[in-house]
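Note that the chains are named A, B, C, D and E in the order they appear, and that numbering of residues resets to 1 at the start of each chain.
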Amino acid sequence: MDKALLEVDGLVVDYGRARALDGADLRVAAGQTVGVVGESGSGKSTLGAAIGRLLPRQARVEAGEVRVAGEPVLDLRPAELRRLRRNRLGFVFQDPIASLDPTMRVGRQLRLVLGREGRGDVAGQLARVGLDAARVASAYPHQLSGGMAQRVAIALAMAASPELLVADEPTASLDAQVREKVLDVVFTLAAGAGTSIVWLSHDLPAVARRCDRVAVMYGGRVVESGPAAAVLGAPAHPYTAALAGSAPAAAAPGVRLRPVPGRPPVLTGPSPGCAFEPRCPFAEERCAVERPAPVRVGEQDALCHRAADLVGELEVVA
Amino acid sequence: MRLLLWWGGRALSSAVTLLGISVLIFAALRLMPGGFAETILGPFATPEQKAELAARYGLDQSVLAQYGHWLAAFGTGDFGTSMISRQPVAAELAARLPVTAQLTLLAVAAAVLAGVPLGVVTAVRARPGGGGGAGRLLSGLGVSVPEFALGSLVVFVVSRYGLQTTGYLLPAAVLSIFAISATARTTRDAVLGVLVEQHITAAVARGETPWFIIRHHILRNAAGPVLTLTATITAYLLGGALIVEYLFNLPGIGSYVVQAVGRRDYAVVQAGVLLAAAVFIVMNVLVDLLVGLVDPRLGRRA
Amino acid sequence: MKKLRLDPLSLAGLACLLLLVLPALGSLVDAAGDPDAIVGPRLQPPGPGWWLGTDNLGRSVLPRVMEGVGTTLLLSSAAVLVTAALSAGFGVLAGYRGGYLNELIMRVVEVLYSFPAIVLAVLVAAVAGPGQLAALASIVLVTIPLMTRLVRAAAVAVAGRDYVTAAVISGARLPRVLGRHVLPNVAGTIAVQGTYALSVGISVEGGLSFLGFGVQPPQASLGVLIRQGGTYMMAAPWLIIGPGAVLVLAILSINVFGDGLRDRFEPRETRSLV
Amino acid sequence: MILELDDVTVSFTTGPPLRRRRLDAVRGISLAVAEGETLGVVGESGSGKTTTSRVALGLQRPTSGTVLFDGRPFPRRRRDLAGRIQAVLQHPHWSLNPRMRVGQSVAEPLAVLGRPAGSLVAEALEQVGLGAGFAERYPHELSGGQRQRVSIARALITRPSFVVLDEAVSALDVSVQAQILNLLKDLQAEFGFSALFISHDLGAVRYVADRIAVMRDGEIVETADAAAFYTAPEHPYSRQLLESL
Amino acid sequence: GGTAAAPGTPGGASADAKAPPGYLALADDKLPAGGALSFAVHIDSGAATGLDPQLADVATSWQLMSLVYETLVTVGPDFAPKPALAESWETPDPKTYVFHLRKGVAFSNGRAMTADDVVGSLKRLLAAKSVWRGQLGPVEKVAKVDAGTVRVTLAEPYTPFLAALANVPAAVLPMKEIEAGSLDPAKAMLGTGPFKVQDHRQDVSWSFVRNEHYWDKGKPAADSLSVTIAPEEAARVAAVQNGSAALASLGNVDSAAMLAGAADVKVATQATTDFYYLMLNSKNPKFADPRVRQAVNMALDRKQIAEVALGGQGRPTGVTPAGLPGACDPATLPSATGGGAAKAKELLAQAGAAGLSFTLSIYATEPAPAVAQVIQQNLQQAGVTVRIEQMDEASWAGKVYGKVPAPFDSALSWFAGYADPGMVTTWWNPDVAGFNQGFMQADKDLNALIARAGATPAGPERDKALAEVCAKVDTDSQMVPLVTRPATIAYRADAVSPSLYATEGYGNLLRLVADARVKRG
């Protein structure tokens, strides 16, 4: 396996009353783009935040490790952590307008970031993300549309040419056309700078189109990961299959949608077995009591006791 | 044009407010027990003396007529004449204003320079074990020592060692203790409100240093309430720091007006109150303007 | 689960406050003696019969301090409650409704502020007799403008939030919208400004009593005791140490407790800057 | 018709006091929603979808034009409509009172009506795929999608006759989205409410909407039956939209 | 504790040990003349009548005006009349006073004082609607005899005449300038006194410089005097402590103890003839019955008031101020010998007023509240409940003097006691006093007694007459004299050597300022 830029190993994160990550593993190689998908509440945002050690105070890391370029993020001293964030990491959040300082013109915010880096000009950075530099630089965040604001946020995150960009649903509040434009910007810039991307998303088709790899999360674990086409086209984990099959866009008119039956788990401690077991049509006895270990199926790694048995059985209803 | 309109509107509403205040204070003064006659002429005054005094200051006219005359004179810049000193009130206020202004300036400067950092530190360190507790105690201590107690102590102790209590530094220091604490506490509250916002997380994620985030992002965002407080403190102090003026025997506006209230020296009280009101109103306008500049979101709403 | 979880410092503040107030309310005051009775020679240092010394009229200081704590805290907190109620009401209404109502309320606040507390105290004293009511009204006047403005500013921010809109859509009436949604979200500001106002209130009470408008003799209040004690600072320091310490302790614990309350009203976690 | 908008224009004045501009957020739009019908509204960002919904909710008085709800103008007292109109607003982040527990938030529309909540809150949370245990949480303890589902539960708890869903499923993963969309359809079949369904996601709109209105730059450029729209869109902008699906 | 005992010591006046009888301190005339003096006092002259001394009716105004204006006669340390602008005088008969004017007296503008100024001033005073006009007595005629002699004729004998003439309102004004209109005495002061005004800012400060034309050569000893007005006691204490003022008037009876440790600061307590009195409003049904008033009077413990409220610096007094020659002995008054609280209870029961409760209206300036609280304690012994109502001076004055009948139960105040025991008794005749008509019933017998005491020449006869007035006032108990009012002065022994009388009649702290020597180096 090629040298990993990001390694998350067995990460367990607890928020007082809930366990958000229950042993999540993720590996991202340099230059790779990884889409992280999964059920709402499965721990995507928590994973994303943990990569930059940006978890809220009440979150506790119970176990596991996060390494970026070999550096143990969770154990760094503050100054080292800041250096790491500055030099290697970039973040884009879901709500674009809220992630810009409302009291400062956009140009000034960019200049603050660039000034620190000592390179690039504001106009250039804005042009890079496809914005009318003159107009946007002198605007306050609340005067921008969501799409424009998100591109500004991307410009801020990419200004330092990070090695790894973590984007948490950066396009959820944007319309289809703007979404495509924003994603184009992100992926073009990343490709140009050799930046790896961890893209937390609900948008399976877009992930399939743009990412090298996909990681599917469920119940605080990455239950399946592998090349995007393979994971979404020929799932190895029953949950992936169910997820891919419930997309409304994929449904024919008049056909009832098929959500994954049952309710997502709310963990308060380690899941005794496979967290998907109660909802899994293929569950056997051991699934409830034995935590699955990663299994290599084809090009994917899956956390499923039955992954090998199910090859060819899972299909995406399209 | 729009600029003129905006200022015009604000000026008009301020003028109406001032007019309302003038009516109220005029009425209140005349409703106060203890007339000018008993107070100013003393118990031994004869009815003739009282009548003469009333005639001299037009106090024998109807209250409405008095108000009319006073207002007309006020419009021409004549604030009336003190019944005690027989001097024009405007001149006396002008003579006392520099005292009050210097005190205010010093105290407010201290409040901002010391209070804001203290507030930021206590907020940023608010989590348990962050050392914010010490700051909280410190800023709590400041508001818990009443001005008159601290002032008496300072005046007494300092003079005991033969040191002069003249000048503005000492009284300004006494005034500022309270102001510093108040500023610190308001700053803390405002900063805590900013810390939960996402753009702060975004800045942290960019690897900015705490100091950088405070300087560039937190201070501006927390400026609204702090500016409001500062303006209010400034207005309070410009209206007269009564106790400190007395303790340090500074001839400022506060003691002048309060003494005048005590003697029912109408013209002085009226002018003093309107001055304080005008200061307060102007400060409010200024703050609205400033806050709008610092935080464009609020400007939009104003 | 309605447990009020506070940090240790705030809890200490609360405990301290209770410790100060409870004896003042209970019958302990009587046990300490008649605060008005002349019990010994003037200006005696602490000793048996007068555990905190005697004052310039030969009264025992201990019962006077105990009475004073009760008077002052009661008076100031009553005043601050009035201020908080008015400020919260006006500020929230002005901030939520905006427009002309906002203008009107803010102008009224300006008028109130501009009215000198002393004049008001004299007027109230004339109508209702001098004493606590006059002091109370003055404290309210002095503390109301700042609090109203800050509450209003906070309410403006809250008024635009979607949860308020959602409540309006649900058909919630004004009192419910203000009471359940706007008010709790500006409660932090009210808590902070309330404790600040309390300090101001105690200061004003002392100042007014000094000018003769506050608490009437022989009733003791901390303001009066400290004011008088101040003039005997050298000859009889016990006159100021007792009430002074109690006052500082009281306001300090109120403030620390108020900060704790404020943090408590903020369920969101602040993030570390590092 | 439960809702009729006729030639509605909404203008805002924006900018600082010194440089005010007038901006028409929506311009001369007309639309109608029949009982039991779902009208999907699509269009680019800033095209006036949210503004239209605010007019439909009676939150925004139109600068010109008329709005009729249930054949009558909006009553002066909103209270009279309590429980009959609900909405899921666009930003999940601010749609829940941070000082109220999830359960309290969901129960609020019932409380407004003075109806007992009973087991309704737990049921509503179950329906949107959240356990009853979530009732005890504060909004900041939820993920983005969970928060949005709480808003949906709150909107549906009174079984309103008209619901506005503004980007109600945008923060949800496909599976939960499907669950919610199914829920909407089921409830609509059961209670027959009308809905204004605003979304960027043409797939989701196709699934729930009976008719579709396309907005662009403050105007409605096309209104059509869902089936017709998806097969043969008339307006060039509509075609452009469908291409990206 | 040692410090605590000090304030209790009567006459804690740590005055000059070397001071002669009648003096608290005597200026050391071996010190060189010249230099600047700075004083701090608590209040400025502040009358609506401006600076006109004839209309001034408060001691603080007299005090400042006495630096500029002088009278024909003045009083010595024993209250005996002493020559001032009149070098000598004679009394050919009890109704006639002939004054021989001092030569070489000039106003500070350099113009010599003439008999016309004297006559004009007195006539102006008699025509003025002022308080002091009443104190001057039944003056019938003022006439110039020659350039150096003035004769005043009274309608009836009036013993306090010279004492009344010795106070500032009877000062000699520059009548020529006043009549010519070049001086408005309400706005500016021009007198024959040791100082002239250089600058005045109302309620802030006065500055005086020596009058180069002053007749008493070698005086004033100091070249200039600045007076700072500092209403707050702490500010005045600070001023003497740090030496920014050489002398300050203090209000706290325990100042001696307060300043005990301060280097070079001396505190002197000057006795005065001023005294506190309690007004029992006899036009109020509560006090209409004289027995009720007597009971209240009887229950008062004047000793305790003096000891506790005034730190032992005051002393019980009857209506004739204790300390003045010829004053009655308060210990012999009916209220003192009547039987105290027990008897008071009995009297109240008889009057059907058992369980009496009333309000005592006071103003906030110390020591009035202290006096009131001791009274409250005293009366509690007799089963009487007193509610103290404290207000600002203006409200208080409005309530007490503003209306007829006056709307209060009882009130506390003080009178200046002046320099003759009979002078203050005039205020017990409401027809003359005027201000107390709202709360005091005129008593013909008392008025007659007061008049007789006024007309009786000084001597045992007059003492007896005064004693009768005392007793009558005491039984009447409408305005009840309580205790004398001490004045406290602190000065820097290293900066000034002042002269101070042991007892003062006109509240004039600055009386002997012309003698004060500045210490330097």
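Points to keep in mind about this one:
The rule is simple: a residue touches a chain if its C-beta (ideal position, glycine included) is under 8 Å from a C-beta of that chain, and two chains touch if they have at least 3 such contacts.
Predicted model, so just to flag it, every value in this text is computed and none were measured.
Ranked by separation of Cα centres from chain E, the top chain is A. Counting C-beta pairs in contact, the chain pair with the highest total is B-C.
Distance from the chain D centre to the chain E centre is 86 Å, each centre being the mean of its Cα atoms.
The geometric centre of chain B is 49 Å away from that of chain D, both derived from CA atoms. Centroid to centroid, with C-alpha atoms defining each point, chain C and chain E lie 44 Å apart. Inter-chain centre distance (chain A to chain E, centres taken as mean C-alpha positions): 92 Å. Contact of a single residue of chain D with at least two other chains is seen at positions 90-91, 136, 140. The residues of chain A that reach two or more other chains are 54, 56-57, 81-82, 95, 98, listed in rising order. Annotation for chain E: residues touching 2 or more other chains are 234, 261, 392, 394-395.
Of all residues in chain A, those touching chain B in their complex are 52, 54, 57, 81-87, 89-91, 93, 95, 98-104, 112-113, 116, 140, 142, 153, 156-157, 160. Taken in their complex, chain C has these residues touching chain E: 36-38, 41-45, 56-58, 122, 125-126, 129-130, 210-213, 216-218, 230-236.
Residues of chain C that touch chain B in their complex: 7, 9, 98, 103, 106-107, 110-111, 113-116, 118-120, 122-123, 125-126, 145-146, 149-150, 153-154, 156, 188-189, 192-193, 195-196, 199, 202-203, 206-207, 210-211, 223, 226-227, 230-231, 233-234, 240, 244, 247-252, 255-256, 259, 262-263, 266, 268-274.
Residues 127, 197-199, 201-209, 216-217, 220-221, 223, 294-297, 300 of chain B are the ones that touch chain A when the two sit in their complex. Interface residues of chain B, counted against chain C in their complex, comprise 13, 16-17, 20-21, 24-25, 28-29, 31-33, 123-124, 126-128, 133, 136-137, 139-141, 143-149, 152-153, 156, 160, 178, 182, 185-186, 188-189, 192-193, 195-196, 200-201, 204, 210, 213-214, 224-225, 228-229, 232, 235, 242-243, 257-258, 261, 269, 272-274, 276-277, 280-281, 284, 298, 301.
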